[in-house]
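First, the structure itself, so that you have it in front of you.
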Amino acid sequence: ARPDSLNWPKTFGFGKPAAAQQIARLDTDVRPDGKGLPSGSGTARRGKTIYAAKCASCHGATGVEGPNDQLVIVQGLTDPATKAKNKVIGNYWPYATTVFDYIKRAMPFNQPGSLTNQEVYSLTAFLLHANGLIKETDIINAQTLPKVLMPNRDSFVPDDRLNTPAVR
Amino acid sequence: ARPDSLNWPKTFGFGKPAAAQQIARLDTDVRPDGKGLPSGSGTARRGKTIYAAKCASCHGATGVEGPNDQLVIVQGLTDPATKAKNKVIGNYWPYATTVFDYIKRAMPFNQPGSLTNQEVYSLTAFLLHANGLIKETDIINAQTLPKVLMPNRDSFVPDDRLNTPAVR
Amino acid sequence: VVLAQTANGKTFQAGVTRSELVYPEDPTKVPGVPPGTVGTRSPHVKLAKLPSETSSRTPLQDLFGTITPSDLHFERHHNGVPAIDPAQYELVIHGMVARPMTFTLADLKRFPSVSRICFLECSGNYRSQDDGKIAPQQICGLTSQSEWTGVKLSTLFREVGVDPKSTWFLAEGGDSAVMTRSILTSKGWEDAILAYAQNGEAVRPEQGYPVRLLLPGWEGNANVKWLRRLELSDQPYHTRQETSKYTEAIGDGKVRQFSFVMDARSIITYPAYPAKVEKGWIEIRGIAWSGRGKIARVEVSVDAGKTWQPAELQEPVLDKAHVAFRYLWQWNGQPTEIMSRAIDETGYSQPTLKELMAARGGNMGYHLNPITAWYLQSDGQVLFKAT
Amino acid sequence: VVLAQTANGKTFQAGVTRSELVYPEDPTKVPGVPPGTVGTRSPHVKLAKLPSETSSRTPLQDLFGTITPSDLHFERHHNGVPAIDPAQYELVIHGMVARPMTFTLADLKRFPSVSRICFLECSGNYRSQDDGKIAPQQICGLTSQSEWTGVKLSTLFREVGVDPKSTWFLAEGGDSAVMTRSILTSKGWEDAILAYAQNGEAVRPEQGYPVRLLLPGWEGNANVKWLRRLELSDQPYHTRQETSKYTEAIGDGKVRQFSFVMDARSIITYPAYPAKVEKGWIEIRGIAWSGRGKIARVEVSVDAGKTWQPAELQEPVLDKAHVAFRYLWQWNGQPTEIMSRAIDETGYSQPTLKELMAARGGNMGYHLNPITAWYLQSDGQVLFKAT
């Protein structure tokens, strides 16, 4: 704390209370526990059509080809270099909720923020299915999405560098 | 000195010796003792014509009117404000050599560096005469110029502020 | 004519090319340009960031001292620089707070303010190239330094009454990536700043105008720009940036997450590719920095790492800031390798690339801060060499 | 379209005016501008020096922290900014030296270098106005601060072998005023710098590109720009600038000459005209500096000088540098006068204008560093008041 902060007033009185409406408009984030997921639902089948129309041009017909980020895992790779590059939703992302959150806020790249919640649920279902994580017929919604288990979740460890000057 | 300067070489060997010619081309300054004054000479009479042609447009027909710096003292002023503004060569400048030096390097403002030494000697003579410091027929050259006594010379005192925290 | 593009998508003529300039034979004989309203560089001074599709790098080898000119501060954004009208700007703080509030830019400027000089570095700041023809700008030009001014986040935490049980908060940008990162609430109490000024003036659009989060010593991506919202929480959000990106494999199948702090680093910026030097006295120059605190010392080797000597540090050595170092050396013209390593006040010493990869199970990735070597050929050409 | 003139006499489009900008209704829904080569200000940020025929003033009231953006550094020149080709540039050192030498710009950059942050102030830096409608920019906008880098003059003194008997040297510029000032050789040995860089990049044309003399703490005019020649001597030259100009009457018919050092000074830059404030909490902000050394403390009065309280100084407090100060105050809405005074490490305390004039026999002139008062009207309008 600054030396003078002891003499500071309890509040300065600048700014104004945030209206619930204003918060609601911005507060679209989704946590791993599902907090923030909107109502609505989707399936991989519906997502497939939307993907073909709005995503395939950048991420490839099957989510593997690009030119932009690979979204779907390639099974059974043997070459270690290609394997290392193959870090995608299916084998790298720790939480399925992040797929919804990110698509909703940032995709499609050329029209960010243009998708409805229904569309995002379906695209999420499509990508989870394409990555072998759910069945084609699974319904993805606020209840089911947080429960999708991501294979790589336990690989993530917290930062262990700072309690030592050693190189880590 | 920097902590490491003890280990510095005697010379780094960057740069090259300055040729006498190069120094001579730049070294046009004039000191109060006359060092630096070139050969040549001038008179107020010759200076008057040059002044009218090259200077009067900015400093006024008699050196008083402007629009730019007043060059000639106005005698017998009574109003203190006008008197205070009347700080010019004749009552303020401590050394006559500075007139030569400055005109040579900087005037005329729109064609700096365009005057010959002869012209500068004559303009210097003209301004010294107009300020009542020499006679119209005096010849101004490397020997005579440093000897022109300037009435305000003894008013100049060195900085006396730094040996005390007092306001001076 | 050089055309430059503004962050708001307009092009303008950035300067005058050499061929357009008519230099007077003797500049002392022609009146110069009168006093103006906004200065410009000499047309002889060609300084430019190096843009890619997603970032643009500071020309470290062309700079002096420690301040980065604001227009050369590195850029990294995830869907371009947004055009934000400051009159429309609002910052919302909500979640685990007693009083959810919204602040205009003018509101933020009324609070007690603070300034500090510190670096900002992208944690993906290492490139190499086999032929050695790569300059500091390419190797690690995603670091820059400014004097930042703003309001301490702790001041706003007090104002909204942050719940003592809050451990994380979400920082969200108003760009078209709607960038989000989870930040430790403790960092907000400690030294985070909501910066509205950079090097004396408003934060530049490329750096987050009108307001960015500044987390001294922490990886650039977490310093969310165009900040529009902070949500106080008791857990991280695991956003895409902190899961798919900005995490690094460290061996044994483990991936390090929330690796915020930037480790100590240094680079010799002179002599460095593309420079060519002569034998004789050379002042080896560079910058060193650490996200862990102050630089304690920088050591230089002129014999490929066999022996190390202390470099001189330019005062003041500031916390979490680029510091300039220098080492005076007489080169005998024989091919050799020169390199620098930074040691910070925690005792952390900058490793070689091999040491770093060994510590991380052979993986490359984010947070690569290896010693950078420069190979001096006998003809004086300086080339990059990985360590 | 805003047209700006470069120091080399070319005009270019400085930015985009507000009316040209089409702001997206929601910037998160359109991709932004991709990474570029040279950044630009937000078009909403209107920063400009205030030019007269002979100078141009830094907008102190619009700035934050202590670094002045290089394009807003004050200007004072005596026949305009020259266009100097760095390839033609040479510095000659001669006179009382063992080895008269000439150095190219590249030569100067090879010597051991030094960086320092310090202010530069014109000694004619005080204006007042009876109606009080005058901003810090007009009052004392002829002071600015940069991080300067260059070679210490002492390093070159060693190189050319300066005669120990030399007491003064002449510094000469390559502008069309061929500016000359006599400088104490002792200052050259002590801390003078031949600066070739400013805030990370080459010195700007308006500040002396490619090389200027930097005399930390000394009046701006003596810091000769576009430096082309140094002549070592054993007496001063009494050039026009140090006789007709930059001397000041101090009473009893005496005129002070060679008054190099800038006395301690401060100014409140917020709240300051043209600002209008509201009652309630106000952070009073300003800068303080002294050519004599470090600022020891800044005191603020909110009752027209009756009582004084210490302000907070932003670390690091550097030698001969602008330091930012702050004082948190709750204004009750009653008209009052606020003011600041700087006290430096030598014990010198910034005087009122009356005290200053009394000490100088009633004369105004160069080296006026009075306390500046701001009158707060009951409607919140802030007006200048002379002390």
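When the chains are written out, they are named A, B, C and D in that same order, and each has its own residue count from 1.
Everything that follows uses one rule, which is that a contact is a pair of C-beta atoms (placed from the backbone, for glycine too) under 8 Å apart; a residue touches a chain by one contact, two chains touch by 3 or more.
In this text, all values refer to a predicted model and were calculated from it rather than measured experimentally.
**Q** Rounded to a whole Å, what is the gap between the Cα centroids of subunit B and subunit C?
**A** The computed centroid separation for subunit B versus subunit C comes out at 51 Å.
**Q** With centres defined as the mean C-alpha position, give me the subunit A-subunit C separation in Å.
**A** One centre to the other, that is 27 Å.
**Q** Residues touching two or more other chains, restricted to subunit B: which are they?
**A** Where subunit B meets two or more other chains at a single residue, that happens at 2, 4, 8, 12, 14, 105, 109, 112-113.
**Q** Counting only residues that touch at least 2 other chains, which ones in subunit D make the list?
**A** 28-31, 79, 110-112, 114, 176, 178, 281, 328
**Q** Could you draw the chains as nodes, link the ones that touch, and say if you get a line, ring, star, complete or other?
**A** Chain contacts: none of line, ring, star or complete; other.
**Q** Every touching chain pair, please?
**A** Inter-chain contacts occur between A-C, A-D, B-C, B-D, C-D.
**Q** Using the touch rule from the top, collect the residues of subunit D that touch subunit A in their complex.
**A** 26, 28-31, 280-281, 312, 328, 330
**Q** Could you pull out which subunit B residues touch subunit D in their complex?
**A** Residues 1-2, 4-5, 8, 10-12, 14-19, 22-23, 26-27, 29-33, 87, 89, 92-95, 97-98, 101-102, 105-106, 109, 112-113, 152, 155-162, 165-168.
**Q** Touching residues of subunit D toward subunit B in the complex: what are they?
**A** By the definition above, subunit D touches subunit B via 78-79, 90, 92-94, 99-104, 107-108, 110-112, 114, 152, 154, 158-159, 170, 172, 176-178, 180, 228-229, 231, 233, 235, 237-240, 243-244, 247, 250, 253-261, 263, 292, 346-349, 351, 355-356, 359-360.
**Q** Please give the residue numbers of subunit A that touch subunit D in the complex, ascending.
**A** 2-4, 7-9, 12-14, 105, 109-114
**Q** Which subunit D residues qualify as touching subunit C in the complex?
**A** 4-10, 12-16, 20-21, 23-24, 27-45, 47-56, 62-73, 75-77, 79-88, 110-115, 147-149, 174-176, 178, 196-197, 199-202, 204-207, 209-210, 226, 281-283, 285, 314, 316, 318, 324, 326, 328
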